[in-house]
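Got a structure here, written out as structure tokens. Questions coming.
Here the chain labels run A, B, C, D and E in written order, and each chain numbers its own residues starting at 1.
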Amino acid sequence: MHDLILSTIAGYLLPLITVYGAYVITHGHLSPGGGFAGGTIIAAGLILAALSWGFHHAEKVFNENSLGNLDTLGSSGYVLIGLVAVFRGSLFLTNLGAGFPSGTPGKLFSSGAVWLLGAAVGVKVAATVFGLVARIWSGGGASGEVDEP
Amino acid sequence: MHLVFSALLVVLLVSCGLAVERTRDLLGAVVIFASYSLLMAINWQMLGAPDVAITEAAVGAGVTTLLLIGAVSRTRRREE
Amino acid sequence: MPGRIVYSWLPAAVALFPMACTGLVYFAGRSSARLRNMVALFASAGTTVLAAAMYPAVSAGNTLVTSFGGFLPPLGISFRVDTLSFFLALLSSSVWFLVTIYSLEYMKDEHGQTRYYSFFVLTLSGSVGTFLAGDLFTLFLFFEFMSLPAYVLVVHEETPAAMRAGLKYLFMTIAGSLAFFFGLVATFELGGTVSLDRIGVITQSSPLSLFTFIAFVAAFGMKAGMVPLHVWLSDAHPVAPSPASALLSGIMLKTGAYGLLRVIYNIYGVGFFRAVGWASGMLFAAAVTIILGSAVAITQMDIKRRLAYSSIGQMGYILLGMSLLSERALTGDIFHIFAHAIMKSCLFLCAGAIIKKTGKRDIREFGGLGQRMPVTMACFTVAALTMIGIPPLNGFISKWELSLGAFEAGKPFYAVLLIVSSLMNAVYYLPIVITAFFTRAGDRAAGYAAPDAHARHVGVSTGIVAGFVAGDQTEPSPAPAGLSRLLSSVAEAPPAMLVPIVVLALGCVVFSLSPANWPLHMSELSAKLLLGP
Amino acid sequence: MAHGPALVIALPFLGAFVCGWMGSRRIGFARWGAVGTAAIHAFIALSLLSRVTRNGPLTYATGGWPAPLGIEVRVDILGAVVLTLLGCGATLILLFAQSHEPAELGRQAERWYWPLCLTLLGGMSGLVIAKDLFNLFVMAEICSIAACGIISVDSRPAALEASFKYLLLSAVGSGAVLLATAMLYSVTGYLDMDAISRALPAAAASFPRVTMGALALYLVGFGLKAALFPLHVWLPDAHSAAPSASSALLSGLVVKVYVVALARIGYQVWGPDLLWRSPAPYVMFWFSAGAMFFGSIVAIAQRDIKRLLAYSTIAQMGYIFFGLSLRSENAVAGALLHVFNHAVMKVCLFLAAGAMIARTGKRDLAGLSGIARSMPLTTAAFTIGALAMIGVPGTNGFISKWYVALGALDLGRPLYAVLVVASSLLSGAYYLPFVISAYFGPDPGHPRGREGPPAELAPIVILAAVCVLTGFLPRFPLQHMLEVAKSFFALR
Amino acid sequence: MSQQLLGHLNFLGAMVLFAVGLYTMLTHGNLIKKIIGMNIMDTAVFLFVVSLGYVRGGRPPIGAAGTAAGFVNPLPSALILTGIVIAVSTTAFALALAIKIHENLGTLDADEIVRRTRSG
């Protein structure tokens, strides 16, 4: 279903949606949203583009391999960030207490590791959701599961 | 006004739910379900849960619908 | 006789020695058949020696005790050996030893011998452990170690009939053990202990205590072949290999009787029973068991089936003896456990020898066997006469004591019942003897060949009994023509089979009315012990 | 091991991600990575156990925030014992699986298999040590989805259908659990179990219908997932259609963690007094009695060995619920002990059955007759497992039976003890014929001397040995479970 | 008062929707319809939880940065968010299964599926 208007608009929308998703992710501790919602938004943008350009185009960038890498990066990243605290001698997932910079409350880089964790979740969710939809739309079957930590 | 609007939302939600149940055309049911999700998101916003609302809008109305459409298009469209 | 408590490792050794040997038998069996047989023999002989080694302490009136705590806190495994335990453990291990010797020859050409001997030794451990157990829990444990492996002995032949009988046996056994389990838990709940070191763990009469008693009766009655629960016995005993049948009938049935003895006289106590009058139910069941067992035995033409039903009838005596609640009856009861163990093992071994040599199981075809296998048949005759209760033999003593006990308990009806059942015993044992000695080989025994064989058979047997009672023998068949012919017709079983048979038959005679009757003495002591002060 | 409580959850998940990532590149790494992760998990669980038994419950506040605000996990004795069970059980199952499953699944499906197993392990671990109801719910969901995954991973139609059914029904269950959690939150204002437990008596007085409804919903929700009798419909299909190692995981471990969750909610959140003022235990009692008989009777009619084992699980779960629904320390200890014991025996049985099926290609009982001659050790292990199921003394099944029956008599209800006993007899009725035919039945020509490879055989034999060992020396799980039961009833 | 009424109205709506979802799930043979029913049921539960929070009269948990006193316990929101995530993963998984089943058996009807898997 290739359509010139659609694909052109999708080309403009994709960066916008991605930026919005990134905003939602990184401001999870300040405003509604967070890693999950933001990740879904990014995935939605990608899906929109893929739908209008065709999934085979998307496969050049986001194939099973790279999606798997992103998936693992996000989810392992979350656990590893949690483990950083452990290695610094505090409890698992400890944030400020483990020496993550607290920053200024109300600003972007506040709340220590929260936005890092959010980013990890966002990457994972975006990759997974896009992978799910891509799989359902373009063949393949057995699916993975989404872990929202 | 708030109350009336909310009541209307609830009524709409229920009727959407019933419509989904009744529709034999799966694609139609999916579309109605998408609007159901959107209505639900609005309802939650009005009930003071913006976090949930935004997620529902992205997930319920967006991803779930896409998944359902994909699945319907890869299987069959009518419920026999 | 004031006894002391002596801590000793011997009881545990007796019970666990064969269990330890089981593995040895199995691994020996993988390298050499001879070695395996020797190990099996060694296991049963060793058990007998170890059991006998407890004699000095027990004869001094002491009680041997071992315990391993903490199996299932507050329960543990414990052994406690008084006169009764010692007596029965020694009895079972020595019978086991004899039967092992017999098996060496009997099982020579059978399949799966390693399996047979492994489980043979394991069941020895179970049955000896049952007799030596110091609490109900240990008793339960060893009871299971005996009952479940015995399944393998029952189905050894692997014929469809054996498999069917085995399945029945297995399910009845499991049902029985679950009833036992229930009784065990309930006893623990009611008395706070399951130890057998006292008289009267359960002292209150309540619905639960009655329920508990019924559970125990069901569990042990199942093993002992009490009448409504006997259905497995008549199938399982005939299909097992003969040495295994001898043990099943001779020893394993007795574990059920022993368990009931312990339950009645230790867990509840005789005083309790006299007060509640539950014994009358037991008496009734015992009476039914005696009559039904004997009556059905009369109709059986398969020698092993007839012996199996006979066992049911004989177990009825034992159940009767323990329910009469009098000292004489109890003495007779325990003595009958001993006497029946010996004679029934002897009979089954004889039957095994006959089947092995001639392939005949049907007693109508036993004509001429007296000439072919004179020793075997002589032993069979001795054991059968003992079973009937002919005065000089030890079967008489138990019946005599039981009858006196019945009078002592003020229930003369049961004495009459004993006499009637003795006559019934005669009705089904004498025809075998008569057929074997007084008809020629190839002849169908008189009366058996007739069109309505069954009716004639019963009629003839009754006639025989009548004649016997009147001191009159039925007309003898023509005697063998000459000595040479007699010798040429002898085809006796090999010595390894013959020796145990002869020893057991001698046991029937020796421990009879001789002035120093050691088993009777032990029975008297045990009865005193059970009845308590 | 101060971080043990976090590690037992985080480690399997991390392992799952890494195995999933490596799966498409080097499958061998994923296989052994899964086994290794489970082994480390078992090690951590064991060290936690020793620590908890010495120093008392270990509370771990994730992120350093204490209870009402942050997420806490707590490893108490029950948690530690079950964690040990999970770790050791999963290690053995995965060890079996890494030699057994590649052939059964095929390369494509196998890639998904190891991460799913580890995800399941992480979810289960989280479930048994979660201290707040929210985490309980999340972990239960992770378990459910991962469990569906390992059922349908090889895409056989029967497995797909079973998995779908399980997925939908467990979605209903999670809806119920979520609703119940929300209701409890609305009347108490907490999600933390201890805090709810303190606030609940007052809340139950002022909102009796809400709290009652919440309890009922928990019973339905976790009852669905744990296959409590009328809600068990998904189990026979799911557990029999899954690959063998999955069946062992599901029947042995997964259903158990939901029982633990329900026991926690009943005894630690509600507490015995409040619990027995509600009808929930009585309902559970009748359902479980139904389960013991229904499961067994239907199992007798089964022709397929894995279906037989699956129905046996229903009966045995009934047995566990039966013990839990009796207001007696002994019965509850017996039930919790049976959680442990049944896990050991059922895993042993399923693995043995899996090995038999793999060697002969047959899964009907008749086709497996005479199997003892070609697989003596596996059959012996199966026999021990079956005897333990019946509760023959000397096996661990006996010990749990003893305590449940004792508990029934503590209540003055001998008839309940008879029920327990009768259900044991019934389990004999379906295990023994198979065992007998395995030894004495006609041999339809199984290949001779074909035991599985050592890695496949070792877990089976070890588990059978554990059945006997904990039958003779029941101290390890028993003492702890008695202590747990005591602490349950000490709660007011 | 109006808040209470609104809360109760939503309770009622949630219950009706739960019933509709469950009914759809149980009575329809089509797997995709079942999945949609499951989603309706889930959202009904979420609606119930949200309206519970509303009846208790809280304010949105986010927005008033820095004023700790103004925060409402954010847990119920997190509860639902997680619930949504789980619902979508379940949905995705169920759909994948449904597609696989359709590939293998050529039908999406539950009864038909049972018949075809049993027969071979």
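Structural remarks
Simple rule for what comes next: contacts are C-beta pairs under 8 Å (C-beta built on N, C-alpha and C of every residue); 3 or more make two chains touch, one makes a residue touch a chain.
Predicted model, so just to flag it, every value in this text is computed and none were measured.
Taking the mean of C-alpha positions as each chain's centre, the chain lying farthest from the centre of chain B is C. Each of B-E and A-E has its own count of C-beta contacts, and the greater count is at B-E.
When chain centres are taken as C-alpha averages, the shortest distance to the whole-protein C-alpha average belongs to D. With centres taken as mean Cα positions, chain D sits 34 Å from chain A. Distance between chain centres (mean CA atoms), chain C to chain D: 46 Å.
If you average the Cα atoms of chain C and of chain E, the two centres end up 70 Å apart.
For chain D, residues touching at least two other chains, in rising order: 138, 145, 149, 152, 155. Residues of chain B in contact with two or more other chains: 50-51, 55, 59, 63, 67, 70-71, 74. For chain E, the set of residues that touch two or more other chains comprises 35, 53, 60, 62, 81-82, 85-89, 92-93, 95, 97-100.
Each chain pair that touches appears in this list: A-B, A-D, A-E, B-E, C-D, D-E. On the side of chain A, the complex with chain D involves touching residues 64-65, 68-69, 71-72, 75-76, 79-80, 82-83, 85-86, 90-95, 97-98, 141-142, 144-145, 147-149. Residues 387, 390-394, 399, 401-402, 405-406, 409-410, 412, 414, 417-418, 421-422, 424-425, 428-429, 432-433, 436, 440, 472-475, 478 of chain D are the ones that touch chain C when the two sit in their complex.
Put simply, chain E touches chain D in their complex at residues 18, 22, 25, 31, 34-35, 38, 41-42, 45, 48-49, 52-53, 55-56, 73, 75-76, 78-79, 82-83, 86-87, 89-90, 93-94, 97-98, 100-101, 104-105, 113-114, 116-117.
Residues of chain A that touch chain E in their complex: 30-32, 34, 36, 105-106, 132, 135-136, 141-143, 145-146, 148. Looking at the complex, you find that chain E touches chain A at residues 60, 62-63, 65-66, 81-82, 85-86, 88-89, 92-93, 95-97, 99-100, 103.
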